[in-house]
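Two complexes follow with chain A in common, the first pairing it with chain B and the second with chain C.
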Partner chain A sequence: MSGHSSYVPKTGFERWLDARLPVARLAYDSLIDFPTPKNLNYWYTFGGILALCLGIQLATGIVLAMHYVPHVDYAFASIERIMRDVNYGWLIRYMHSNGASMFFIAVYAHMFRGLYYGSYKAPRELLWILGCVIYLLMMATAFMGYVLPWGQMSFHGAVVITNLFGALPIIGESITTWLWGGFAVDNATLNRFFSLHYLMPFMIAGVVILHVWALHVTGNNNPTGVQVQSKADTVPFHPYYTVKDGFAIAVFMLMFAAFVFFNPNALGHPDNYIPANPLVTPLHIVPEWYFLPFYAILRAVPDKLMGVLMMFGAIAVLFILPWLDTSRVRSLRYRPTTRMYFFIFVVACFVLGFCGGRLPDDKVIPGLTTFVLLDADLNSMVWLSRFATAYYFAYFLLVLPLMGLSETPLEQPASISEPVLSPSAALPAGATASPEKRG
Partner chain B sequence: MLRKGLAVAALGLALMGGPALAAGSQKELRTVAWSFGGPFGKFDRAQLQRGFKVYREVCAACHSMNLMSFRNLGQKGGPFYDPKYPNPNDNPYVKTIARDYEVSDIDSDTGDVIKRPATPADRFPNPYPNEAAARAGNGGALPPDFSTLSKARKGGPDYIYSLLSGYVTPPAGLEVSAGQYYNPYMAGDVTAFWKGQGHAPKGGFIAMAPQLAPDKVTFDDGTKSTVDQQAKDVAAFLTWVSEPKLEERKAFGVGAMIYLLILSGLLYVSYRRIWRNVAH
Partner chain C sequence: MIWRGRGRTAPFRRSPQAKGGFKVADSVAGANPEHGAGGDDPSRRDFIHIAAGAVAAGAAVTIAWPLVDQMNPAGDTLALASLEVDLTKVQLGQSISIKWRGKPLFVRHRTGAEIAAAIKDDAAPMRDPQTDEARHKKGKAEWLVVIGTCTHLGCVPTFGGGDYGGWFCPCHGSHYDTSGRIRKGPAPKNLAVPDYAFLSDTMVKVG
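Moving on, here comes the complex of A and B:
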């Protein structure tokens, strides 16, 4: 899609097609001859893994929809019927339910990689923002999908999340009624969630096309963060990255299969195998693991509206990230101080996930009572999530803008082919090694 | 470096330890080395048959099993599977079991509501006509349906086994209301009912009285009928009820893992070969 095409139609049919609809040229230029930096590490394989995840969710989801009944009286039993009476229904359903978790594992790895190597920085701002749009759509899709089995967690999770919109002033109540299609989470809600759950993956697929398109205009970032300068810096996508991505995908599938076949319910919640009952509220309502960090942010704020705004703000801040990071150096490899803050950020994300799964009053250090600060004991999950939330936002709003201005980055290599060995071994200017002669 | 950092983060994740949810205050479950545990696990057919007998003679008086049909007993992996009858509806053992139950039907000639003996295609009949009747018969508590019970409780079979075999005399100082029973494995909080010294005991109240007793069920294979044995067998049976395709799933999984391991190995070798002349 970028630069000139090296595709040469070989057969008569290819020439005929190429003059009318150059799909073969498109595929050749983007999947075979696409020049890719030769130093991409395994963190760069998650893009391919994510494409596979989307494919698996679409394929299994379409089959599940053939058997699923979106009705409050039949939804739960229809899922169990799939698991018991449909040929390989257990496989399709467990692949789909665990596939959602795998999708999020991969997307989080993909995003952390982007954050670390500065893949959101110019000229890849739109590429990053399209990725954020995909992530947002994924969250909406996963949430609605989790409601469909109509178990206890499905129902009460849907109540909690839709009620969040009720926190908005003036319009809040009308919005929740509009979302529900009634005055409570009920059959109308389940029906529309099913409809949207079927629609949204195709929207994701559409944005994925834009995401890949944007990627192929700017080209891949790489672990050095240095732009590709010559052909010596790149290898053709096929076979170099098809085989590397293929290996990574196979290893990822091993983990996926270990869950599907041997621990299919490990990532879910037992309460969701109890049919939904609006009159009985589960002891603890918790979302799926991939939402726990945001759930912790929501509960860290004493005010409901502020909590909702902070939760959405945690995602919104990702959209403006390209303009928050003021550094001209992309890769954190060459920004040792920021790199340290980044790892604290990763820990803060995990801490938030940890807090999201606990009760706000649970003790962080068991058996230790300290003192009450504002509304809760300092040694509690709610205070831990407050510190982690503060750090989450501080990383984007303070660390990245300020570090870019104050930090002196390490020396970057002149090109991908010539990584800086060490400051003492750095060659004098002009005496660049010729990479094509190596190896 | 990114690898190292994420390793630290992963360690944080590991420290979160298994369940993200704060456990209630119940006693730690007693664990059993189930025959169906692990990647190569299979149900013990004799245990499933004993468990079914416990279900049928003890539990079925109050607990429904709405999603199960009699034919399921004779399907592949079920307690009465017989390779001679690939169609479980033909299995004579299953037919006999079904005939012992009565189900409601409509007489197609007169339209009257009638009772007829069940066939393998019928669902297990519910012991109560509706939820209100079930609650009325059990002091206001609803006996949970058994179809997905083992998947719907944290600890699954270990929980069912611990609960059923774990009834103890309530510790002195614990006030147990009428129609309630103390069980250390039941999730709950008995602090409000604790008048004794120190911390309230772990566990909670359950509306179900202890149901199992030595020799309450006679096992046809001569297994000694202790409370422990009955609890284990019915827990195994209920796990099969929740996951009737468990054996098929695990067997398929072993094949899938072998396939993926070979594929990963081949791809890795190809990767090394293709990249061998590229400095990167």
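Moving on, here comes the complex of A and C:
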């Protein structure tokens, strides 16, 4: 998509096509001859996995829409009909519902990889921001999709999430009424959610094109974080990374298939097999696992508006991340102190996810009552969420800006090839030095 | 070709990108000296540009508004039926939930102890202070009619739960007292009291 093209049309038809609409040239430059750093590890295969996830969700979703009825009286029954009567409906629906979870597993791996290797730093700021846009669209799409079966969790999840906007002062109530198309989550809401759930994956596909375009302008980052300097640092995308991505995809699909065929409801919630009842809220209402960290942040704050702002802020902070990290060094391989903070950050994210799935007053250590701090026992999920939330924001707003100024990074290799060609001279001290060289 | 006669050049001209760099040349602003420089008289052409732009913007808004407003409640949704509730069905100490405007409506037949507990707390510190008397019809203290959605995020509170014996919201732990007032937890407001009237001693019309 950028730079010179090495595509040479071979047949007469290819020459004819190339002079009119150079799609073959585009595909060749993007997927075959694209120069890619030669040191990409398996963390870099999630981009390809994500593209496949989007394809699976689109294909299964379009098929499901042929059988689904977006009406409060028929939606639940039409899902059960898909499960029981439609040919292979059970398979297609389980692929779609588990596919959403697989999509988020891959996107979180992809994002943590970007955070670790500094893939958001100049010149890849826009690439990162486009990725954040995709993530935001994914969350909206997944939320609306979860509403469609019109089970208890669907309905009350929709109530809670749409009510988040009611927290805004003055305009809040008008916005919720506008979102609902009525005075409560009802048929109008279900209808529009179905329409938008069908639309948004195509918007995602559009932003994915921009994301890949931006990637092909700047080129891949790599585990060293050092920019590509010569042809010696790269290999063509095909066959090196088509094969590597292909192998990763095969392994990922094994996990996907294990869920679909052996435990298709493991990641869901049994209450969603109860038809929606607006008069009774399930005793323990939780979102899907991929929203749990944000749900924990929402519940950690005792004030309604502040809770909502913090939850959205947790995503908003990702958008400005390229300007929060002040370090000149991209990869955390060469930033040992920041790397330690990063791993604590990963733990904090998992802790938030854990807290989000529990009741706020649940004990962290069972059977131990400590003392009430402000409004809750210190040994409760709500306080654990508060500590993790504080760390989540501190990592972006304090650690990254300050560490970039204070930390002395390890020496980076002069190029991607250098550590490979002369390991003894170029390896950072203590990083991956081979044992026989240790004094 | 009058356009060229007035010296208009391509409006955007950028210097070629420096290889490997990401700076856009600073000279873009000066590339078109006649545009907006103020040297020429503010001609009819400028006026036409502004007028055409304004009309286009107006047209865009006029077309966008129906597309936005269609999501607001439709006519049939707004034509809300009011609801009549027969109170003889609600025993002392009981609360019933009825669907009204797509939301649950609680009609609670309060016991003397519950009323007394609510009145006793009238002066207690509350997030949304209200006396118990302001929350029921005059002389009808035993009947409490409230909209059964938690004012936090809209879940349906469970009857009789929580620290104050009123309602408890399972979603995020809001406690309401026997007057439906928020006493503990994240909800900002008391359970809402809808417009309603007693048609007779045993019949209430809501809405």
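By definition in this document, the second predicted complex is superposed on the first by the 419 of 439 C-alpha atoms of A that agree within 3 Å, B and C clash if a C-alpha of one lies under 4 Å from a C-alpha of the other, contacts with A are read in each partner's own complex, and residues count from 1 in each chain.
In this text, a residue touches a chain if its C-beta (ideal position, glycine included) is under 8 Å from a C-beta of that chain, and two chains touch if they have at least 3 such contacts.
Everything numeric here is computed off the predicted structure, so don't read it as measured data.
*Asks:* Based on the superposed arrangement, let me know which partner A:136 touches: chain B (first), chain C (second), both, or neither?
*Replies:* The answer is neither, since A:136 touches no partner chain.
*Asks:* I'd like to know which partner A:177 touches here: chain B for first, chain C for second, both or neither.
*Replies:* A:177: touches chain C, not chain B.
*Asks:* With the two complexes superposed on chain A, say which partner A:284 touches: chain B (first), chain C (second), both, or neither.
*Replies:* both
*Asks:* Quick one: is A:394 in contact with chain B, with chain C, with both, or with neither? Answer first, second, both or neither.
*Replies:* neither
*Asks:* Any idea whether chain B or chain C touches more of chain A?
*Replies:* Of chain B and chain C, the partner in contact with more residues of chain A is B.
*Asks:* In the overlay, answer first, second, both or neither for which of chain B and chain C A:192 touches.
*Replies:* It touches chain C, and chain B stays clear.
*Asks:* May I ask you to decide whether A:168 touches chain B, chain C, both, or neither, giving the answer as first, second, both or neither?
*Replies:* A:168 contacts neither chain B nor chain C.
*Asks:* Tell me the contact category for A:212 with respect to chain B and chain C: first, second, both or neither.
*Replies:* A:212: touches no partner chain.
*Asks:* From the superposed pair, tell me which chain A residues show up as contacts to chain B and also as contacts to chain C.
*Replies:* 283-284, 359
*Asks:* For the complex, give me every residue of chain B touching chain A.
*Replies:* Touch residues, chain B against chain A: 1-2, 5-6, 8-9, 12-13, 15-16, 20-22, 24, 39, 66-67, 72, 144-145, 147-148, 151-154, 156, 187, 242, 244-245, 248-250, 252-254, 256-257, 260-261, 263-264, 267-268, 270-271, 274-275, 277-280.
*Asks:* Help me check something: in the complex, which residues belonging to chain A touch chain C?
*Replies:* 122-123, 156, 159-160, 162-164, 166, 177-186, 188, 192, 278-285, 299, 302-304, 307, 359-361
*Asks:* State the interface residues of chain C toward chain A in the complex, per the touch definition above.
*Replies:* Contact set of chain C toward chain A: 22, 68, 71-74, 77, 80, 97, 99, 101-104, 148-149, 152-158, 169-173, 186-188.
*Asks:* State the interface residues of chain A toward chain B in the complex, per the touch definition above.
*Replies:* Per the touch definition, chain A meets chain B at residues 38-39, 43, 77, 80-81, 83-84, 90-91, 94, 112-113, 116, 235, 239-240, 243-244, 246-247, 250-251, 253-254, 257-258, 260-262, 264-265, 269-271, 273-275, 283-284, 286, 289, 292, 332-333, 339, 342-343, 346-347, 349-351, 353-354, 356-359, 362, 417, 435, 438-439.
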